[in-house]
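First chain A sits with chain B, and in the next complex the same chain sits with chain C.
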Partner chain A sequence: MLVFISRRLVQGLVVLFMISAFTFFLVNLAPGGPSSLIDFQSTAEQREARLKQYGLDKPVHVRYVLWLGDALTGDLGKSINQGLPVASLLRQRFATTLQLALAALFLASFFGVLLGVLAALYRNRWPDHLVSTLTTLGMSVPNFWLGIVAIIFFSVQLRWLPASGNFTIGAKFSLADRLAHLILPAGVLAFSLMPNIVRVTRSALLELRAADFVRTARAKGLRERMVLWKHTFKNALVPVIAILGLVTTVLFSGSVVIESVFGWAGLGRLAIEAANGRDYPVILGVTMLVGVIVVLVNLSIDLLYAVVDPRIRRES
Partner chain B sequence: MVLSTPKAKKQSSRLMRKFQRNPLDFIPLVVLILLILLVVIGPWLYPYEPQKANALATLANPSAEHWLGTDELGRDVFARILSGGRVSLAVGLLSMLVGLLLGTLIGGLAGYFGGTLESLLMRLVDMFMAIPSFFLILVIVTSFGNHPAVVILTVGLAFWAQMARVVYAEFAKFRKSEFVEASQALGGSHLRVMVRHIFPQVLPQAIVLASLGVGWAILTEAALSYLGLGIQPPLASWGNMLQNAQQYLFLKPTLAIWPGLFIAITVLMFNLLGNTLRDVFDPRS
Partner chain C sequence: MRKAGWLSLLVALVLPFMALAQDYNPDAVLTFATNADPTLNPWTPGAVIESNLINTILFDQLTRYSPEDLSPVAGLATSWEAADDAMSWTFQLREGVKWSDGEAFDAEDVAFTFNDVVLVDELGAQSATQFSQVESVEIVDPLTVRFVLNSPFSALPYYLAAFSGMLPEHVLGGEENPLTVASFNKQNPVSTGPYKVAEFVPGSYVRLVPNENYWGEAPKLAGIVFRIIPDANTQVAQLLAGQLDLVTRLNPNLLAGVEQAPNLDVLRQSQNLYYWVVLNQQDERFTDARVRQALLMALDRPAMIDAILKGYGTVATGPIAPLLGAIYSSDVAQYPYDPEGAKALLAEAGWTPGADGIMEKEGQRLEISMPTGQFGELVPATLLVQQYWEAIGVKANVDVIEWNAYIQQVVVKRDYEGTLAWWSQPPTPDVTPYYSCEAVSTGNNIPNYCSEELDAIMTEGRRALTPEDQAEVYGRMQAYLADELPYLYLWYPDIISVKNSKLMGFADINASTAFQFAADWYVAP
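Now for the complex of A and B:
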């Protein structure tokens, strides 16, 4: 087990190291990279002074080592446009994104598994077809458009829910207010995450129905409901957990867009602002943070997997 | 000496059989062909220019003159849908081609040769899978700007890793198979074995993934342009039309409906086509 854990840990670190090098060199070597920002109508001396201020006078590989060293101590440099440390910007924005992400993940898992079970139980009958239509739509409808349509319907026409922001500005903190702001973006994001979960749940359940131990359980005379919940369902959750890594990456990609639609000041919005304003330290910082989260999620899934399924431990 | 690969022929006949049995499953293909014809030929026939503003007819309702009305500058919405469709479909198809080529090349090399090359290339694949695609795209667009060619390459680059995984698995499976060894024993070069013998086995799966991938690429380009980081106005794309429309949600909500509807229908058709092709090529799932 220890060997398995340390091996996965090393693999995760290698991937993170590669992400850092890839993004850093991509950003710094691009034509129109950071040094082109210091191209005001200034004298050669002023230019040099500014290059020095941002540390851009050193060769790129030296800069990478310095940046990586600082990053390891939690210092990701300063935002060019906002003048604030990148790390503190990330901290501010992360909490907002986390609310959205957890809410969407919860909704998507709950309804995804529910619909998947339903589809498997009523295989090839109308509930199965309905669920399959829903998942195909979830894959096809652009989530930002769904967000816009939801705003038109629930905010503009019905005036039930607020159209943007994650709380009413100026109002006192209240849970109801937060939830009212959360429900549309989280719901829309969840809708685009659901298809993966539904499909995996459905096919895992169908595959297991034919498994030996399920037949044995039936042969023992257990009631069908008992067979489903005690024997089949638990085992079907294993592949569902396994795709949560993929779901996390989709979740982060989706949150970039959804935060913009609903005017949430989260990590995704920060990334867009940085991309529009060519704020290199910020875009590097956001990408690294997201990379770390994805690697950590995948690592925990692997560990969880190994705990649940002894065969995986032995394999390594 | 030609060693025939029997699977390829069987597959085209499977396609025919599927068509005879369930012709309805091919509706998405028909719709897509019609859609492509519409955006390719449409702008020649429809009398309005997509870029031409008309201060006398802003935010007009749909009419016999302006089929889908006009936007805030008086530009004809249908004309913009047509020319935006050209852009969206072209970006979607071309970036998929980029992803398909890169993924097949890297996945194929890793799977066929194995060893150090395999671990090197597959770590690269791992890396691309660990960065959420949208962040990768943001990094590249920040660095290289948003010329349409950059957008195409970028969206393709965000997809290739998935393709590489699938191709890799197949190549690794066939590397030690008898027909590969036979061809090698007869003096077939690595290139020949890869292209003539293994690639045709992988192709069906690659096509299925590519069809689903075009849908994904169109969605991604739309989102990117919606955020102002993809195709830039005044050139219309379905995504950047939505960005404009969001400012007029209270005044003219239908402006936001049309482009999204076209995106959704197009992507839906590519996804349904992907499902049909999967049924044909891979009856197990």
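Now for the complex of A and C:
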């Protein structure tokens, strides 16, 4: 098991190194430049002066080596457009994104599995059709649109929920206030994550219900509920866990959009602003942080397989 | 009956007192929106649209724009005068002004802001190019400064009101680069304006509270919050929901629903801002003025304004907008929509339709590569230009590119044949940075247009100190530009702001000016 973990960790490091090199050269070689440099009304002399200040007058490969050296000692540099250390920007924004991501993941997996089981139990009957309509909607409706519609309906028309931000400015901390601000963005994000989970749950259950060991369980005379929960559902969890790993990446790309629509100060919005403004150190910082998270999530999912499925445990 | 009598007596007695005691609500907090994290230093490179309005409240400038006609009026300076040879300006500073930390404001701060920040080329300060004629700022006495010029600069008092806030010498004086001090720019700047920063939560909001050291009458609001909301649709939704009190520079296409809302005022304002199409003058096909005139005549500008701006704009006649009053001249060549006339003019210039209908002359074709940036209305406007030109046998190859890359290609490298964008400048007729031969290739003269005659008129304008002289010189300049068309002038867009009706004392003329008088804002009780 230890060998397995350390092998995966080394693989993860190689992946991270490749991500860093790829991202660095890609963003640095993309046309354009930091918005403070490439501003519409600036003149050539101003751009020249700023280029020097940011150290962008050195060749790209030299800059990459310098960046890598600093990054290995934990220094991710300073944001070009904001003038703040990248590490502190990431720290501020990560907490916000984590709230949103965990809430959305919880909602999506809870309702996703629930609806998936429903759809499998009532296969080809009206609950199944209803669920499949919902999942089709969730997959095809872009979440920025859904977000705006949700704001118009719940904030502008009904005035039930706040339209943006993650807490009321100037008010004391209160859990209710945080939750009220969380419902819309997390709900919209969960709605677009859910279809994958529903589909995988449904098909895994259906496949297993026809499997030999389930038939055997039935033949033993076990009650249907026992067969479903003890035998089928537990085994169906493996693919569901696998999809959760994949969903993590979707979660981060979805939060980019959702954070902009709902005015949340999270990593996603930081990434968008950095990309639009060509803030190289911030783009690198966000990419590396998300890279680390994805690598870690995948590692823990591999470990979870082993917990859920004894066969995998024995192999490793 | 008796009860009602008592009650009305009570009301009659109390009501006048209530009105007297409070003609405004002292607890009111206004909520505004800005599209990204602001940088709280008006001179930091990259501090632009997301920072301008907040910085205008925080950092007083030497002059302000009059809410009546945008002429310069007193700010931190109370009076000013040009020397007879027009080579310097002397400004008298306001007495008794204090910074938000209690220190006194004086000539040292003005000299520091210019000599140690704006005029230091290596710092690349944001609006520094506005002041390229300023050699240095001399301290005459603690409340008098002299701007020494390297060439006449009659527009200086106008430019001093354009995002040119004063910086505190006692706070930033010791810094190696006063423009990149994070504790100042992103946390707690020291300023002289009516409100000061109480809290800055990156990515979320900036909260301002009254500055108890303010030199003028005490501010009438309990606070102003700027929420950071990048998405314009969300801003509008929040405005409708009553969660925002003001949105500036709104796209007219988002106005549906806002116009009917009972508690919102739609303000149609203007700025010295014009949209244009340029044709690269380093391409010899476009150096004949008749070709440029024909290309402008081919455009139905009123129809474009209707289609793109929902009618919120007027046809432009030159680089100076009508809001400049006496200096604006409409007595110039106009180019109403006339595709036949355009073709005739092209024929006069030697261009005739080729086999495929595209105009040709001596083996050259009027096929124009037209990069366009993904920003605001630029893409739809460029596509309309393409259609209109097609009708007169001119083919535009439109290439849509991302905004940042567009600036690199078109503005920095001048790698284009034709393109469409806009200029916005302070309300002065001095357009030298956008038209002079000196600004070809490197400056803001994007069309690379160079004419000695025009340069001479603009230099004359910089020497003209009286309004009468200015009107005369700049009248000639506008006539010249309308004939020559270095830029094909499209339209002056209305700048649309929407505010909650409860916000009072907000100068109507435009948002940038209204923010210079933030001390006058109040909310009725």
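Please note the rule applied: the second predicted complex is superposed on the first by the 275 of 316 C-alpha atoms of A that agree within 3 Å, B and C clash if a C-alpha of one lies under 4 Å from a C-alpha of the other, contacts with A are read in each partner's own complex, and residues count from 1 in each chain.
Here is the rule we use: a residue touches a chain if its C-beta (ideal position, glycine included) is under 8 Å from a C-beta of that chain, and two chains touch if they have at least 3 such contacts.
The shown structure was predicted, so the numbers you read here are calculated from the model rather than taken from an experiment.
Student: Touching A:A180 in the superposition: chain B (first), chain C (second), both, neither?
Tutor: Neither partner.
Student: Just checking: does A:K52 make contact with chain B only, chain C only, both, or neither of them? Give me first, second, both or neither.
Tutor: Second partner only, chain C.
Student: A:N81 contacts which: chain B (first), chain C (second), both, neither?
Tutor: After superposing on A, A:N81 lies in contact with chain C but is clear of chain B.
Student: For A:N276 in the superposed arrangement: first (chain B), second (chain C), both or neither?
Tutor: Both partners, chain B and chain C.
Student: One more residue to check, A:R93. First (chain B), second (chain C), both or neither?
Tutor: Only chain C is touched by A:R93; chain B is not.
Student: Examine A:A265 and indicate which partner it touches, taking first as chain B and second as chain C; both and neither are also allowed.
Tutor: second
Student: With both complexes superposed on chain A, which partner does A:A242 reach: first (chain B), second (chain C), both or neither?
Tutor: Neither: A:A242 stays clear of chain B and chain C.
Student: After lining up the shared chain so the two structures overlap, which partner does A:I148 touch, if you call chain B first and chain C second: first, second, both or neither?
Tutor: Both: A:I148 reaches chain B and chain C.
Student: With the two structures laid over each other on chain A, which partner does A:L114 touch: chain B (first), chain C (second), both, or neither?
Tutor: Neither chain B nor chain C is touched by A:L114.
Student: Where on chain A do chain B and chain C both make contact?
Tutor: 30-33, 148, 151-152, 156, 163, 260-261, 272, 276, 278
Student: Write out the stretch or stretches of chain A touching chain B in their complex.
Tutor: Listed in rising order, the residues of chain A that touch chain B are 11, 14-16, 18-19, 22-23, 26-27, 30-33, 136-137, 139-145, 148-149, 151-152, 156, 163, 203, 248-254, 256-257, 260-261, 268, 271-272, 274-276, 278, 280, 283-284, 286-287, 290-291, 294-295, 298.
Student: Which residues of chain C touch chain A in their complex?
Tutor: Touching chain A: residues 29, 31, 36-37, 39, 44-46, 48, 121-126, 128-129, 177, 180, 182, 185-186, 201-205, 207, 223, 225, 227-231, 233-234, 237-238, 240-241, 243, 401-405, 407-409, 411-412, 421, 424, 433, 439, 441-444 of chain C.
Student: Could you pull out which chain A residues touch chain C in their complex?
Tutor: Residue list for chain A touching chain C: 30-50, 52-53, 81-84, 89, 92-93, 96, 148, 151-152, 155-156, 159, 162-166, 169-170, 260-266, 269-270, 272-273, 276-278.
Student: Please output the residues of chain B touching chain A within their complex, sorted ascending.
Tutor: Checking each residue of chain B against chain A gives 123-124, 126-127, 129-136, 138-145, 215, 219, 222-223, 226-229, 242, 245-246, 249-250, 253, 256-257, 259-260, 263-264, 267-268, 271-272, 275, 285.
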